[in-house]
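Okay, so subunit A shows up in both of these, paired with subunit B first and subunit C after.
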Partner chain A sequence: MTTATAFDYLLAVVLIFLTWMMLRSRDLFTSIVLFILLGMLISLAWVELQAPDVALVEAVIGSALTGVLFLGSLGYIESGSGRQRASDRSSFLSRQPRELIFTFLVSMFGGILCWTIFQLDQTFTGLSAHVAGEMSHSGVKNSVTAVILNFRGYDTLLEIGVLLLVVFAIFALHATQPISLNRALPKKSRVLAVFLYLLTPVMVLMAFYLLWAGGHAPGGAFQAGAMLAGVIILMLVGGTTVDLSARNALMRIIYIAGFAGFLLVGILVVQNQRNFLQYPVESAKHLILAIEGLATISIAATLVTLFAGCAGFLIPDHPEDCEIGGTST
Partner chain B sequence: MIIAWLAHIMIGIGIVFFIAGTVGLLRFPDIYSRLHALTKADNIGLGFVVIGLAMLSGSLAITVKLFVIWILIIIASATSCYLIARSALRMKIQPKESR
Partner chain C sequence: MSLAFLYGTTGMIIFVLGFRGLIVYAHFIRKVMAINVMGSGIFMFLIAMAHRTPTDAPDPVPHAMVLTGIVVSVSATAFILALIVRLYNVTGHTSFEEIAAQTKEAPDV
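Then we have the complex of A and B:
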């Protein structure tokens, strides 16, 4: 990206305009739709900035999945028990001081961000040259994968740990005991069934391609995991029963596989000269592929559980005191 | 040279279909006719854009990929159109009578 085109300026203006529309909309549903649209355009902006990896993640997780979670939460808020709890909570602070506090916090945060931009070192040219210089030791050909899984593997390990915590949070929020099984839609659609029959193999293949492509092109565990999650979510919506319960031993293994595998590899490579997560150069490629493969499965399972919890597909053990809103029936 | 001209004409026709679909989405009275405008017109429009891009690409691999994308989008949009219309019917949304 050397020069900004007219299209880039248009995109920038539309992004700001959409953000404003989203924030001033009084209807939460409109806000969410605008949020999803905004995410799609942000991912287009990432494409324009020549960051296809970020664009993929933004489109799938930032826009689509977060949008679904918002819609699920909206369904919950508008259902009876959610509204009841919301009114209980609003007595915590009355409206005006709450808005004042939020305004103060947001403007302080915005101020710090602006200040930081002016503090940036103008002569700094980025770390691209360092990354390019070290690529031959990384075991992969795609610089993004090299950075994420090798050069800053520790951060990625913690990120996958956060995903594991998310699973705990979902189970904690939605039931006291392990939860399982989806609620099939009232009438299964045969069109959707044929669609799934045709496209599931293609999408699974695509997920594995994305995983493999991570070694030399945009792709990797997060993109592949999101793709796989998309397939399973479609299957859930189509009426397939998937046991997501933590009571299911296989699911427990799947949830922790990514984090445990990453940690194990990190520990196993420790030798007299090597630190934690410092892979030997000759086997780095295979270690990274193994970590990404396990992480893909865990990420997919986590995203599916997140969706299922939010969209009302998880059945709590005591429905009477844990009503969940979500998909309209 | 002629191929490049043809390709641009194809993409232009595609864009016309997209604009028609968008106008339909904005102007049509109810959800069913809007769905009709969106999915039908955009699929054809995308087809023309794909043909144009395939002519410009000059590579068999890219051409095949573009057509696979087109076919996948046709399947996906037909399915989602059907699902939206079905759930609208379930919610007892009446089609608007023509005047």
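Then we have the complex of A and C:
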């Protein structure tokens, strides 16, 4: 139990104000920039709440990568036509009386939710005592990593499965081809080239540090994978061509490695006394590191593919090559 | 006010603002952004509630749940955006209103 300081009140007000500004702003590009900013400030709030692991993931995936996905989609849509901005904000509810009534109803709903929060207990131990008691069996020193990869291994296995599923879905939506951003960026930026030259090694090193650090400090496979994905997306923007298509055998292995490795380890540890995903205490640390290493590479490849799918880079230039959809554009 | 209740309330207000945005604004990308904001509000509520422990260390289980949640929400966002881009590629529209207006003009389309 900590009492909020003036900084916390200020941050809370800024967060609410930014959310409001972001959703209201007339220009979608401004909205997305505010969305990224909002994510960064939310991760600051999570540092205040002593959740550094969550803050890292929010900063890297929730804010930066999601923002890049939005920018990619917006870029594709706006490159198609300039008339989008006109219909940006109107919907059947945006006419004055309806919008006011709806806003009033929603504020009532918000009031009820806030009132409910204040009915909750002031202190609540939750499961932290159980986690603290079992930490010595987990093989790692960071309690969040222990929960993610050991105590609640099922969740994380299925989470990596979700990522794999989205890759399948995106390949099902778009005909696949090698990805290059060259057509989006006719002029290569020299500033970006130098920036990449200097920054790529540092970012790759940082990614592997985050992976290793996950055992005892904030960090882990998702943070590391997102970092690597960031490097690859920057390289794509810098003009590199990467063959991400599912026809590429190496890419298939990379996409599936994280999920398959996790599943395999989970099955291999099954013995007379142990269940699925119940690691032996003495080798837990190495098994977790192996799973996280494979997962990092899969997550990086997956996130880059998600970006390519959202930014329309997987859509071929000639729609008639594509089996699904019409040619009514 | 304790940190947990300050940020819990903030999270709920952000959730409600996102819900309003989801209904009021028409553009698909803005709707997806609103859904993401609703998610952030709920995550903030969970993390805030994990901070109510009497000891210094907060409850790590909600933290792990939120980590999973963030990754799942980015996956879902990517999938919706890919669908939006594909829909735009095929029809040239970015909101239900545009599609409805076109259907009204030419009902056979």
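The rule is short, and it goes like this: the second predicted complex is superposed on the first by the 252 of 329 C-alpha atoms of A that agree within 3 Å, B and C clash if a C-alpha of one lies under 4 Å from a C-alpha of the other, contacts with A are read in each partner's own complex, and residues count from 1 in each chain.
Convention: contacts are C-beta pairs under 8 Å (C-beta built on N, C-alpha and C of every residue); 3 or more make two chains touch, one makes a residue touch a chain.
Predicted model, so just to flag it, every value in this text is computed and none were measured.
**Q** Which partner chains sit in contact with A:Leu198 here, subunit B, subunit C, both or neither? Use first/second/both/neither.
**A** first
**Q** Is A:Val144 touching the first partner subunit B, the second partner subunit C, both, or neither of them?
**A** second
**Q** Counting only touches as set out at the top, which of subunit B and subunit C does A:Phe118 meet: first, second, both, neither?
**A** second
**Q** Using the superposition on chain A described above, determine whether A:Leu264 touches subunit B (first), subunit C (second), both, or neither.
**A** neither
**Q** State whether A:Gly309 touches subunit B only (first), subunit C only (second), both chains, or neither.
**A** The second partner, subunit C, only.
**Q** Is the number of subunit A residues in contact higher for subunit B or for subunit C?
**A** Greater contact footprint in residues on subunit A: C.
**Q** Would you check which partner chain A:Val54 touches, where first means subunit B only, second means subunit C only, and both and neither mean what they say?
**A** In the superposed model, A:Val54 contacts subunit C only, not subunit B.
**Q** Looking at the overlay, does A:Ser189 come into contact with subunit B only (first), subunit C only (second), both, or neither?
**A** First partner only, subunit B.
**Q** Following superposition on chain A, which residues of subunit A contact subunit B and also contact subunit C?
**A** Looking at subunit A, the two contact sets intersect at 328.
**Q** Mind pulling up the subunit C residues that touch subunit A in the complex?
**A** 1-10, 12-21, 23-27, 29-30, 32-34, 36-37, 40, 43-45, 47-68, 70-79, 81-86, 88-92, 94-98
**Q** Could you pull out which subunit B residues touch subunit A in their complex?
**A** Contact set of subunit B toward subunit A: 72, 75-76, 79, 82-83, 86-87, 91.
**Q** Sort out for me which residues of subunit A touch subunit C in the complex.
**A** Where subunit A meets subunit C, its residues are 1-4, 8-9, 12, 15-16, 19-20, 22-23, 28, 31-32, 35, 38-39, 42, 45-46, 48-51, 53-54, 57-58, 61-62, 65-66, 69-70, 72-74, 76-77, 80-81, 84, 87-94, 99, 102-103, 106-107, 109-110, 113-114, 117-118, 120-128, 131-132, 143-144, 146-148, 152, 155-156, 159, 162-163, 165-166, 169-170, 173-174, 222, 303, 306-307, 309-312, 315, 319, 325-326, 328-329.
**Q** Can you list the residues on subunit A that touch subunit B in the complex?
**A** 189, 191-192, 195, 198-199, 202, 328
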